[in-house]
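Next come two complexes, and both contain chain A; in the first it sits with chain B, in the second with chain C.
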Partner chain A sequence: MIDVSGLVSTILNNQVNIPLLYVIYEFLLKIPVIGSIVTFLLSIIPLFDVPIIRLLIGFLLWKPMWVLLIIPGFATLGTMLLILPWLERKLVGRMQWRVGPREIAPRTRGSIQLLADSLRFLCQEVIIHKDAHRLYFLQFPFLYFLPVLLPLLFINAGAVGRPLVPIETPYALQIMVGLISLMPVFIMGVGWSSNNRFAFIGTVREAFMYFAYEIPFIIVILAMIVLFKTSNTVGVVNAQGTYWGIVLNPLAALVFFIAAVMATARLPFEIPEADQELSFGPFIEYSGIAFGLAYVMAYEKMYVLSAIMTMLFLGGGSGPVIPYLGDLSYGIWFVIKTLIILLVMVNLRGVYPRYRLDQALNVGWGAILIFAIVALLWSVVLGVVL
Partner chain B sequence: MENPNAHIDFLESGPLAPFKKWSAKWSLWPCHFITSCCGVELAHAFACGYDGERLGTLNLGIARQSNFIIIEGTITRKMARALQFVYGQMPDPKFVNVIGACGERGGIFWNSYNITHPSDIVPVDFFIPGCPITPEGLLRGVRALQAKIMGVDKTTIDFKEVELPFEEQLEERLVPTSPKLYAPTPAIKVDIKREVDWDFGKELEDKLKKELIDLYESMTITGVNRIAIKTTPGNLMVVAQKLKEMQFDHVKSVNVIQVPHERKFIVEYMAASYSVEELMPVLVTIFTEIGIKDPKIPSLTSVWESANYSERELHEFFGVLFDGNDWMGRKFLLAPDTPDLPLRKEFKIPEERYAFEEGVEPEFMVPIEPPKDLSVPIWEEFIEKAYDSDEIIVPIGPHHAGSGHLRVTFRVKGDRIVDAIPEPGFVHRSMEKLAENKLYIQNIPLFERLAINDPVNMNLAYVRAVENALGIGVPERAQYLRTTMAELSRIEAFYYDSGIFSLFFGHTTGFMYCMAIREMIIEALMQISGSRSGPSFIVPGGLRRDIPDTVLELIDNMTFALNRRMKKFESIFVYNPVTVARAKGVGVLTKEDAIRCGMVGPFLRASGVNYDVRKIAPYDAYDKVDFEVTTGDDGDCLGRFLGRLAEIKESVKIVKQAVDAVKGIQGQILSDDILGEYKEAASDIKGNFFRVYGNLVLPKGEWTTITEAARGTTLFTLISDGESNVPYRVRVISPCWMNLRGFMEAVKGERYADFWAVYGSFGYFPPEADR
Partner chain C sequence: MKKVATPDYTVADKLKTHVAALSTAAKEVVLPLNITTHYPRERKRQPECFRGFMLFDPERCISCFQCSFVCPANAVWMKEAPSGRYYPTVDHGKCIYCHFCVDTCLGGALKTTKIHDIAFRTMDEMVVMTEDMVEPPEIIREDVVYVDYVIDREDLSLKRTKGKDELIVEIAPSEGVPMVSQCIDRESCIACKVCTKVCESGAVSSVKDEEKLIVKMEIDAEKCTGCGLCVKECSMQILRLVRRE
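Up next, the complex of A and B:
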């Protein structure tokens, strides 16, 4: 038998602390009609001595659930996916002396552009061509969400002493690295099942790039684990109380950033998808909503990698406490930091042309690998010896 | 064809209709399917300045990811297949806009043997007229489509019916007849002796006579820097070899002229030299006559590689078999269903009409059915060879995000390109045939469409050929103005190429900056002539009208603004470490290879040959302005690109000098030689145009002119019979056509991704090459 009342008390004892909600609650009580409705709702107590509405809200405000669903979890990810491509188009447009999407909603500078695009993708025909492997062709873009969404379970958006993490485990970083390493496998599956020349070339390029960035990526994560002497995401943020990771080991931050750019195939490493060379490489045969998913895939990956970077190098959600917001203020700082990294990443599109495959591999196996090893040694010196 | 309104009907069906319509309206993604020269204006419409992305239209992805095709102008028979393919690949619902006059009923190319109408192939939503259209027009078409999607079913223009006073007693007017005069049995002679003041020519003639003793039938000086040698088909090869030993190292043009009533073909090769400085301006024509039945001649490809593609082309046009060229019997420029031997005189294209009689159906339709067979063959032995040696075949284009209107088939081993086979002709609008059916003056706008991003130079090249034949001069003021315009056009073309170069590297910012710079030059050309990229402003003997001082002032000011933006472009793209890494040492064309392949223009100079028509045979005001020819030694992509950037600076210098000089020169802008009795037209031809130019007849013979266009030497050969007021044959060798051979040579052995670096660095503009 499950101890239901025990579970209820666990949920209610581990709530997110947002004082603003109490202020709102008290304000609601004062409004004539709504106040009585709220009082009435609170009087429905079927079981466990707790009003059912309190139980529902309590479940949402249960710390692990709140972190997973709101910040930095699904809600934030969804919002990011909706505004990030728009922000990218606007920012790059501004760099290029243009306006970017606008006429759809001139007041808000065309901010709902992606909504129109995604709706259009949704309503468009999905073509599965004759030569494709039907089953894999359809399922890989959906399966891809798994390795992208699962790392969110371990991301700590809190500050020192105030963790905001769904699952706390000593192996969090290792699990995240494992999941992230899985992502290219799905892209390769996408390319393979497409059965197209360009998809094939793109897939091979993806595989080459995978090895070029994955090893330095793992080494810098290792460097940070050595530096912080823990791989628990809560411990990682706690260890950045005085100095952020980027100050302690700037080289590791640089390597992590470049590896993230390579992993998400942004310019100048937009090699597997190279629009002019391969016309979207692995995704060349996708249309309709399947392409829509493929289109946001890269942004999802970017979000996860930026969130990890914020956690490892920018002190997670630490920042000046905003009054009345409590735990929410850490979440806000976390999202702001992540957004800054994301914007730097998308802005590279306006600045750099594309490297050739062999040059990118040189970067990956040469400079970046050496930097990663130096970063690791520095971590050893800083964390173990000193 | 299925229900043409099916896609709109789909959007309007079901409970989700409002959402479907709204999202389709704001998310029209055009696919990368550039079909003809209006693509230049498409680039402007989606670059800064016009910014089509404002409307939510984003040029991203290929057929599968887009829902909108903008057909840019001419659909040739070859491109029609691609269009059908691309349209079929796109997911429903999808929409089609056609821009440009030639997409509607053929426009200026309406009677060409190689075009079809897009509306016969795909259901079209909107036609946007113009030749070329303006970006405003294009975006207005997008807006109209958006309105159509939302259910506003109306034409873009509301016509109003008005009552006009009508006079009953009008005198009956006759339908004007065609002003064209064709000689029934034209006398075609390509070596007409002319007395010219050319001492070096006499020397050269003696030397040639000594070398080619017994090998030639006659040797004539046909003009300054032109020598024609007649030989027999049997001796052709030996003569060519002898000439090659005399450092005539490449062929500028290969030409075939059919003389049906004498039952013969005249085949001519124009050899020139890049190695010896004093031989550079000289064109030696060796020609021979062969019978019309079963025409066969030894191919000179083994001697002059640069003749290769031209021989293939002429084989298709005339059926002359060049024995030894490995492409005989195959299609190169033309589509499988294009009528055979279209340039022969027996093949007639529809005549132009100047008015329509009542009851007579206008003969607008292209007389040839749209293609039914969709297969695009890749040669079987090519595939077999590739499979035997563990290579994969990658065909690129014409529908590819980075191919333009060209198809290249690669054999790729690992990441290296083993072999690249070009398949041009997707924009072959058959200008040479059309020109034979137009008055000399009507051909000006036709040949301008060779490259609408370099219009003035194309215009100038043709006009110079006419002027050369008529022997007329140009007043000094007009010379300077023509030089100014030509250099503006050169800058414009180079920036277009630079933009495409940066786009091929995935650097959209560089592309946008280039388009912004082009926008300024287009503004200047617009102030001069009123047209963005089809000015047709240069006419034989001068210019159409004088350019006012205010416009000259504007051009002068523009050069300063240009400099500032140029620096911005350089700092973001040219000095970008990634650009340098991508372009340096890639696609190297050595000096020997460049000469062998007959490269022209900045691409030849980048390989270390100091050859510029503006210097070796100056025309207009080029001998009066101070500029330097840029040469490089590397011959790689970066060298070719930087060389052109340096040339832009020289061009700006020339523009400044010419504008300064022209302020001090007053006078007429049309030569008295051409005006004849219409002296009042000396500063503006308006009102006298047809009277002055309508009945031009060129003296008998062959007239060859070389002009330095932006991308290199443009050669026009006009052959006149001395009686007709239309040319008997026009041969155009555009710079990109000559550069194609070297382009394919530079690609071999490079990595797959380097193809785009090489492509961009050659500034290959397919409409210019395909003609």
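Up next, the complex of A and C:
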């Protein structure tokens, strides 16, 4: 027998504290018709001595649910996915003396371009060519979502002493690294099942890049674990009370950033996808909604990696408290920091040309690996010896 | 043979170039130097001498065929009108818009415009007949702003002005170089009288030489317009256009 009332009291005792919502509630009660509707809704009490509407809102405001669904979870992720490609195209356009998307809703400067694009992806036919491994071809893009989205469960968007994390576990960073390391496996599966020469080349390049960035990436995470003496995301943010991780170990931040750019195949390291010669590499055979998923997945991966970087190096959601927003202000600071990292990551394409594969491997196995080891040693000196 | 070596960059040089590239990008994000004209809502203002679609004024045409002769792309063909005269047609599939025909037109019948956005549905439509060149083609104007390109000391910038740019250029009819037809070898004239038939101003007349009992042609320099029709038609090729004194 499930203890339902116990669950209800758990939910209602662990709520996100946003004073602004109470102000809105008081204001709603004063409006003639809407006020009476609100009081009527609050009078429906079927069970547990709590109004049903309070239960529903309480479920959304339940801390783990709030973090997972609203900030920095799926709602924020969805908004980011809608505005980030537009921002990228606009900013890169400005860098290159172009205008960027403009023709769809010109008054808003083409801001709903991605909505129009996704509408097109939805309406387009998904073509599965006859040489493709049908089963894997269709399931891998969807399976890819698991390792991309699951790290969101462990991201702490709170500040020191105010954790906002769906699942608190001492192995959070290890689990996230494990999930992120899983992503290229699915890309390789996608490339293999496509059964296309360009997809094969892209897949092999992805495998090469995987080894080039993964080892420095893991070493840098290890360096931060050594520095903070914990791998719990709550502990990681708490340890950055006085100094942010980027001040304590700037080299680690640099290596993490470059590894993240390599992992998401952004432009200096856009080797697996290589628009000009491989035309989206492993995903070349996809069309319609499957291509839309593949297109969006790169941005999701980027969001997750930027969120981890915000958490590890920029102090999570710490920042000046905005009045009336309570816990929401931490989430807002977290999203702002993540957005800044995302924009820097995305706009590198306006600055750098693409590295050759051997040059990128040289960077990955050479400079980045050495920097990562130096960062680890520095963390040992700072965290253990001092 | 001299081998070009790769420049040897130090770490400091590399860092400097990275910082320069990133700061340039940041500067362009804040203050972009944009030179895009939003056609068709905006139109670049072309100079008066812009070589666009050609207009034709049949009143001024003397059917001298010069436009057809001079065309390097062989795009100008003369077609016979119901009146018996020949007027030019332009094949826009071949035309390279050099406007030699406009420059060479003696009567100033061909005229340039600033219209550069003409579209044809088929290849056959690209041969624009004379009657379609009299009036400017129908254009759907969406522009409310015209743009001038201003060249500063080092950069290019745009100057936007509200209003529509007039696409039809008003040019005063060219006077042309005053020419006159002249016979260079009167002995060879066989008096076929083609020049008399072809001359529109009646400047060529036949003169009878009583002593030798032959007929020679004579050109009245006052009446001659210098159109060159007789020069073209002369069967003995003894007529030349010379500059009028």
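Keep this in mind: the second predicted complex is superposed on the first by the 386 of 386 C-alpha atoms of A that agree within 3 Å, B and C clash if a C-alpha of one lies under 4 Å from a C-alpha of the other, contacts with A are read in each partner's own complex, and residues count from 1 in each chain.
Note that in this section contacts are C-beta pairs under 8 Å (C-beta built on N, C-alpha and C of every residue); 3 or more make two chains touch, one makes a residue touch a chain.
Note that the structure is predicted; figures quoted are calculated from it, not measured.
Student: Who touches more of chain A, chain B or chain C?
Tutor: The partner making contact with more of chain A's residues is B.
Student: Regarding the shared-chain residue A:352, is it in contact with chain B (first), chain C (second), both, or neither?
Tutor: Touch status of A:352: both partners.
Student: Looking at A:108 after the superposition, I want to know if it touches chain B, chain C, both of them or none. Which is it: first, second, both, neither?
Tutor: neither
Student: Would you sort A:36 into first (chain B), second (chain C), both or neither based on which partner it touches?
Tutor: A:36 sits against neither chain B nor chain C.
Student: Looking at A:10, would you say it contacts chain B, chain C, both, or neither? Reply first, second, both or neither.
Tutor: It touches nothing on chain B or chain C.
Student: When the two structures are overlaid on chain A, which partner does A:98 contact: first (chain B), second (chain C), both, or neither?
Tutor: In the superposition, A:98 touches chain B and chain C alike.
Student: For chain A, give the residues common to its interface with chain B and its interface with chain C.
Tutor: In chain A, positions 95-99, 102, 350-352 sit in both the chain B and chain C interfaces.
Student: Which residues, counting only chain B, touch chain A once they are in their complex?
Tutor: 16, 19-20, 22-27, 32, 47-49, 51, 53-56, 58, 60-62, 64-65, 67, 89-93, 392-394, 400-402, 415, 502-510, 512-513, 516, 572-573, 576, 578-579, 581-582, 751-756
Student: Contact residues on chain A for chain C in the complex?
Tutor: For this pair, the touching residues of chain A are 91, 94-99, 102, 347, 350-352.
Student: Spell out the part of chain A that touches chain B in their complex, as residue ranges.
Tutor: So the residues of chain A in touch with chain B come to 89, 92-93, 95-104, 110, 113, 115-117, 119-120, 122-127, 197-198, 200-201, 267-268, 270-271, 274-277, 279-280, 284-288, 291, 349-359.
Student: Which of the residues in chain C end up touching chain A in this complex?
Tutor: Listed in rising order, the residues of chain C that touch chain A are 21-22, 24-25, 28-29, 32-36, 38.
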